[in-house]
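Below is one structure, written out as structure tokens, with a few remarks after it.
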Amino acid sequence: MKLQEFHARQLLRASGLPVPAWSVATTPHEVGEAAVGYLAGGAERVVVKAQVLVGGRGKAGGVKLAANPEEAAAIGRAILGMEIRGIRVRRVLVAPAADIVHEYYLGAVIDRAARRILLMGSAAGGVEIEEVARTDPAAVVRVHAHPHLGLLGYQARQMAFALGLGAHLAEAVAIARGLVATMVANDADLVEVNPLAIVRERASDGTETLSLQCLDAKVTIDDSALPRHPELEAMRDLDEEDPADVEARAADLSFIKLEGTIGCMVNGAGLAMTTMDLVKRAGGAPANFLDIGGGARSDKVATAMRLILSDANVRAILVNIFGGITRGDEVARGLIEARAQQERDVPMVVRIVGTNAAEAATILEAAAFETATSLDDAAARAVAAAERAGAAA
Amino acid sequence: MKLQEFHARQLLRASGLPVPAWSVATTPHEVGEAAVGYLAGGAERVVVKAQVLVGGRGKAGGVKLAANPEEAAAIGRAILGMEIRGIRVRRVLVAPAADIVHEYYLGAVIDRAARRILLMGSAAGGVEIEEVARTDPAAVVRVHAHPHLGLLGYQARQMAFALGLGAHLAEAVAIARGLVATMVANDADLVEVNPLAIVRERASDGTETLSLQCLDAKVTIDDSALPRHPELEAMRDLDEEDPADVEARAADLSFIKLEGTIGCMVNGAGLAMTTMDLVKRAGGAPANFLDIGGGARSDKVATAMRLILSDANVRAILVNIFGGITRGDEVARGLIEARAQQERDVPMVVRIVGTNAAEAATILEAAAFETATSLDDAAARAVAAAERAGAAA
Amino acid sequence: MSILVGRETRLVVQGITGREGEFHSRQMQAYGTRIVAGQRPGKGGQRALDGSVPIFDTVAQAVAEAGANTSVIYVPASGAPDAILEAVDAGIGAIFCITEGIPALDMLKVVPVVEAAGAKLIGPNCPGATSPGRAKVGIIPASIHREGRVGLVSRSGTLTYEVVQAMSDAGIGQSTCVGIGGDPIHGLTFSDVLALFRDDPETDAIVLIGEIGGSEEEQAAAFAAEQLQGMPMVAFIAGRTAPEGKRMGHAGAIVSGGMGTAAGKVVALEAAGVRIAASPTEIPRLLLSAGVRPQ
Amino acid sequence: MSILVGRETRLVVQGITGREGEFHSRQMQAYGTRIVAGQRPGKGGQRALDGSVPIFDTVAQAVAEAGANTSVIYVPASGAPDAILEAVDAGIGAIFCITEGIPALDMLKVVPVVEAAGAKLIGPNCPGATSPGRAKVGIIPASIHREGRVGLVSRSGTLTYEVVQAMSDAGIGQSTCVGIGGDPIHGLTFSDVLALFRDDPETDAIVLIGEIGGSEEEQAAAFAAEQLQGMPMVAFIAGRTAPEGKRMGHAGAIVSGGMGTAAGKVVALEAAGVRIAASPTEIPRLLLSAGVRPQ
């Protein structure tokens, strides 16, 4: 689960990391109010940042600087309500603009191959780490945390020296260790600060100080760990979620909406991906990934059907069930029930094999469903059905 | 550093362990007041326990039960002020007496050979674990915690089942893991609950419940870890310490008072023990263990001398210095200073070898100290000097 | 022979009294798997599966008193890491963790302990393993198998069943089918299982069922190029149409930062001489053309 | 040859810029020990010991750029566990930790990491080791040694110096003198060092200096009985008069619950055929009577 920037900042701050002040505003007026405070406090400008869970906010015009409260409010008016990659901006973050001397990247991820938490750093901050890794792999510094002891002091120092942060050693060590500690405390699978910056601050007497600060924060939580972190589950941004995703989660279905026209209902993640792949191979485009899980009962099948049909693009449905724990006859009965409740008539191709496949076949035949036996055949029939339905529409 | 029982109870409770209520009282009146509360709360009797850091409180009459507030106050009067193994009782703990169904022992120590935290348990609680280990070794259950992950759930369950606590599994697991967690959180080298007891409680409607409770607590803290636990250092009971120990600690000297007549001043713990052993072998008895440490300067020597002479039993002093980091001439000068300040005239035998031993010899000779070259010779001379002094006294 | 499970398997079922544990224990027993013990803290002394199997409080007891050498775990996610560690500590050599939904950071702690002890962990979030005609451990349906000499290893569940069924229908039997699990952090990797197949005299060819996410297929390709020359190998990779940045059901099935794509895996495997199936149904044909004979 | 330190030693001093670190580095260098690097975070690029030794920010750099293979640690107790782990991670083979006062629970975490990496940790709270005429690492005074063929291992500092001085005075030289440290949880044990001496062709006899607390002397006795027959061995145990329940200076020197007494250790060693000295001064005599020849 991705967290909004302001939630991610909260977590970093709770781990003791230096995150400068911020406010969250939902109206242009609130943006202006927040700006008044920061400008009075000595900031020369404030930054207004759209709070959305998609990348590319900056390029989309979702991040702007303002030199006075009026300008801030105007920017807030422009950004609030804006759509970024299909997501409407409902909140912005307002913060004093930092006087940045240098930007770094620092992020912790789970390295699957090494089975360790991997801390990555780069002295080229502000750009995406994947970009740095591609163009200048040597510029990415990698340190693996100890599996039980976390990121050790010397490891944090190695990172700091490798990034050229020797002059800010104690700060850099605390931030590196704090980043990994944040990951562990919150069961995150990504904790990223980009940019981590050396920031210049001037006191009223004109003296300047340089310090390391976390100017942005990105955190994603391991979904498997959410049951033991209700405080993080509460941060879930339902406003930004498709209602279908919310319903799928409630029904414990694994559902991902895609752009195509053929709705897929499958048991098992690998088989569901394969079904999508075969639809594509047969010349169609899958409308979704949907895994109804093992041992799915008829009510789950009905919910799955409703989710698929909530997508207006869907022109045909492909049901592909390999009965292991899941019983084929149970799914067949679920399909009949679902069809009875269905408001929209969409052609359906059903393939049920494995446990109780014969019973399922009998039931489906009696109900006059179009059936298929092989995977490839099922995909081809579904594509054909979608094409027919598309031509008819 | 040993903690008083009431401090140990605090630490266990802070780790979430079930420790029944208690009060600390310093006057018979306070004992009576506490008893009023517990008896009103449903307890049939209260227990009054002397708070001292020596073993054998029970046998010495320092633990008593009372059935009413008057009796409690009377017992408080008897125990407060009592001496147990030379320690005056200044505080008692008052607690409701539990209705004990069965007593167990559970304790965590550092197993030096295995280099693990060792949790020991026994279904024969209430007696010392060393006693059980001696008389019925098979009755002691041993589980080593994981060096990084602590006591794992299954290990706690193994302990619970081995003690026959299957009917109290969840409680026993929480207590076992909490015990080890208490050790780790506080850098303890011993955390002991004896007895851990199944306690019967009757509700006002007559229903009975059985629960596991920690009825006593013993904790000792690793001295090396005290610098990072100021909150535990603050629990040190100076009332119970010899003023000489307090002064030694302040001067960073390792000092232990013994029963003999020959004061010893040595650099290095191994050599200090050896010096004591050789005094004994020569027919004398050491008055103390005293390690002045490496690189000891003259002021430290003077403090050491004062500590030794604060013991009225001391009849002779043996100084044994092997100069490595410590410079012999520096020690020699320190001895001359110390003798100048000395109020009591006690014969001294000095052996200084190693770094700057020749310079030391010249200084000592000029100041007319009795010197020795070999270890055995030094011990023999000190014993002879003490005998002469004893005969003269 | 076979790998991981076989006639020598003496199984303890951790969580035998749960709904899933009991259901699958019956299936395994019916298949002929020797279940010597069940384990469930607090039910020690009772018996499971109609009295045929003793239940112990601890895995250590199941090892000491019933001689268990293999364990399968049907314990909820909150207790599964501890169950794995208990099995390791009790000296179990092969541990199958069926449980789904264990947090990745828990597994980061568990896996090094397993490896230090020299034990083999399969899963979590895996369907187990079956050596047809000998024994099955886990949840793979018994009916799909056929005895034979092709080893199969997969990150998936039902997709594996599809492939196995297709192979069996084509007369191609299996030596052992192993599901290594769909979680990002798990025990045996593709390469680990390939090494076991390499050393198994009764395995002549290998089928690998991969999917998007991670780099195990690429590592398996490197392993195959170095260590499996002369052993025919066919692979299928699921998720060619999966969008970037989304978890496709399995916690481990995610393309991120352009890494872990199906295309990259296919390229790596092809370069190592592995034949790639465009659909699961192609697998039997590719095996036959690689010289595997139906039995 | 010799054990642990010798002509092949390429030393990095962790904490070379501190008071103790610098003082003893000069002593070690004067003795002929090859100090190839110092380490102190934040002082990388500077030089120590009158410009003769480069300072690095990390131990990894000292290994990569100066070829260090041995480290000695003069870092305060709060930073010493991390310094040990850094040396292990950098691939240092022998790590001498002089630092005193490290909490036991810190060492409980560190030691398994050291062991898993196959490194040798000597200490903490130890005086180091000297191979006379070759190299010294730590704080043992140089002047007391004499080249020879008797190995010495001890839990103590100045007591060791006494014994070494007495041996040298009697014409009995040493192959290597090792102080394993006075803390309850430390790296190499008596038995570990005895095994090294057993395998050293230039060690003909062994002196062991033990003290109260723990059971390493008893384990050493068992090791000697099994593995060191034919190699003369003399031991001295300090603390016969120590009272129970008190730490005698060293954190590890404590008799508790009747365990770890000097008497118990003496009995165990005698039973293993080890000659026991009643005083350190007896040691040279016992060595001579055991057939060791002065050099």
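Chains here go by letter, A, B, C and D, matching the order in which they are written, and residues are numbered from 1 within each.
We take it that a contact is a pair of C-beta atoms (placed from the backbone, for glycine too) under 8 Å apart; a residue touches a chain by one contact, two chains touch by 3 or more.
Everything numeric here is computed off the predicted structure, so don't read it as measured data.
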Q | Comparison of B-D and B-C (more C-beta pairs in contact) | A | B-D
**Q.** Separation of subunit A from subunit B, taking each centre as the mean of its C-alpha atoms, in whole Å
**A.** 56
Q. Taking each chain's centre as the mean position of its Cα atoms, how many Å separate subunit A from subunit C?
A. 29
Q: Name the residues of subunit D that each touch 2 or more other chains.
A: 109
Q.
At least two partner chains per residue is the criterion; list those residues in subunit B.
A. 148-149
(Q) Taking the touch definition from the header, please name the shape of the chain graph: line, ring, star, complete or other. (A) other
Q: Write out all the pairs of touching chains, ordered by chain label.
A: A-B, A-C, A-D, B-C, B-D
Q. Which residues of subunit A touch subunit B in their complex?
A. 148-149
Q | subunit D - residues contacting subunit A, complex | A | 41-42, 44, 57-60, 79, 82-83, 85-86, 89, 109, 113
**Q.** Of subunit B, residues touching subunit C in the complex
**A.** 146, 149, 152-155, 157-158, 161, 166, 169
Q: Going by the contact rule at the top, pick out the subunit A residues touching subunit C in the complex.
A: 110, 112-113, 115-117, 128-130, 133-134, 147-148, 183-184, 187, 189, 222-225, 227-228, 254, 256, 258, 266-274, 276-281, 286, 289, 291, 294, 322-325, 353-355, 374-376
Q. Can you list the residues on subunit C that touch subunit A in the complex?
A. 77-78, 101-105, 107-109, 111-112, 127, 139-141, 143-144, 154-162, 165, 182-185, 209, 211-216, 219, 236, 238-243, 246-253, 257-258, 262, 278-281
